Amino acid sequence: MLVAELVDTIWATRKSEALNGVKFLLAEVKGGSRAGDLLVVVDMIGAGIGDRVIIATGSAARRMMGDDQMPVDAAVIGIIDENYDQVKKQNGKIERFS
Amino acid sequence: MLVAELVDTIWATRKSEALNGVKFLLAEVKGGSRAGDLLVVVDMIGAGIGDRVIIATGSAARRMMGDDQMPVDAAVIGIIDENYDQVKKQNGKIERFS
Amino acid sequence: MLVAELVDTIWATRKSEALNGVKFLLAEVKGGSRAGDLLVVVDMIGAGIGDRVIIATGSAARRMMGDDQMPVDAAVIGIIDENYDQVKKQNGKIERFS
Amino acid sequence: MLVAELVDTIWATRKSEALNGVKFLLAEVKGGSRAGDLLVVVDMIGAGIGDRVIIATGSAARRMMGDDQMPVDAAVIGIIDENYDQVKKQNGKIERFS
Amino acid sequence: MLVAELVDTIWATRKSEALNGVKFLLAEVKGGSRAGDLLVVVDMIGAGIGDRVIIATGSAARRMMGDDQMPVDAAVIGIIDENYDQVKKQNGKIERFS
């Protein structure tokens, strides 16, 4: 999975009927050599712009939607705890994703 | 998924029989570190040259075609609303994909 | 899918029994940021060295072979029409893959 | 599969219910041209921070969890023996992952 | 598929029980823009260090093992004939993978 920050919403009125009501978000990969990569992801757990999230790609994204017929390949599977960086900083550890 | 612009059509007269009647388009990835990447994609929702689209890759592309036996790995799943950039600009936001 | 040119044959006498009689070709990705990438692909539609082809990767390659037990991850799914570049040139369009 | 070092834990309180109790770790790819790549992985075999591990990605990660409905795409499948580098050094071989 | 050279063995005593007895090898991708990439692969056809091989990745690797429950994502599917480079050189062709 990848760590990414949700940076925008994506509107697509014309789309597969299977995707009606699905929320598309733009995620920017944070940290590592793929930092800056942009992915369009679906969200089912109420993530919002600015959240740091864990993204699963490939067939795993359909598992997150609970419907193997959905034509998606990237989904938010978890929201990283907001105090993650603060805790790291207090412990004198590096901030990997800032 | 990826954001891409449809930039061309691809003609392939000799192909898998399963692909007869399928429209192949050339898509250029926009934004992020994969910008400029070229993908051949299939379209089932009437997208055309110049459209900015959302592309799903891997087994998700077959879900878009409604036929798990199709030998394709990339498909248009949605057309990004045409006024996306204008709205962003009015709001003083960055244009991520231009 | 990717656009690639078939540049060579690959001989592998010792291989999975399931692959007996399967033709392996070396394909060089053309155009975009993955240009120059080399892939070994299987061909079932009579493509030859020098042909510009459309390559599907991942589980889609097995769909092309009509046998989900084949241990392959890349296959030729179509041969791009030979006059593709000429037509583009006559129309004053760019040659994307040369 | 990839060789990676486990460098951190990732906390995500809000996540898919299917992932309750699942341990997420941050893995840094070692060696080769993908060195420095960061992946979030799940662990089922008791790997810990500092361990050098073998990571399987894609649908293989679900095989490791023994549950094809888990929305994950990367998992630890083995812990590389601790004396791997020492043995290599004694034999005058290169250390590929340091 | 990828062309790679087997450069090392990988020992992992602590691993998924499903992987007991499975041989892990380190493969270095040869040729193209992914040259130098390192992958851990499984081998079922008696390949050894120094062999140039064809590697299948993703779900195709499980097809090679004949067991869809194996948590692996890369496998040797064929050993490239040893005289491949010599034949090319005699014919005045380029050596793509040296």
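As written, the chain order gives the labels A, B, C, D and E, with residue 1 at the start of each chain.
The rule is simple: a contact is a pair of C-beta atoms (placed from the backbone, for glycine too) under 8 Å apart; a residue touches a chain by one contact, two chains touch by 3 or more.
Since the structure is predicted, the reported quantities are computational estimates derived from the model, not experimental observations.
Between chain A and chain E, the least number of touching-chain steps is 2. A separation of 20 Å divides the Cα centre of chain A from that of chain B.
With centres taken as mean Cα positions, chain D sits 33 Å from chain C. Chain contacts: chain E has residues 34, 58-59, 61 touching two or more partner chains. The touch graph of these protein chains is a ring, one cycle where each chain has exactly two neighbours. The chains touch one another to form a ring, and the order obtained by going from chain A toward chain D and onward is A, D, E, C, B. If you check the complex, the residues on chain D that touch chain A are 7-8, 10-16, 18-19, 24, 26, 28, 34-41, 58-59, 61-62, 68-74. Considering their complex, residues 1-3, 31-34, 44-47, 53-54, 56-61, 63-64, 75, 77-81, 84, 93, 96 of chain E touch chain C.
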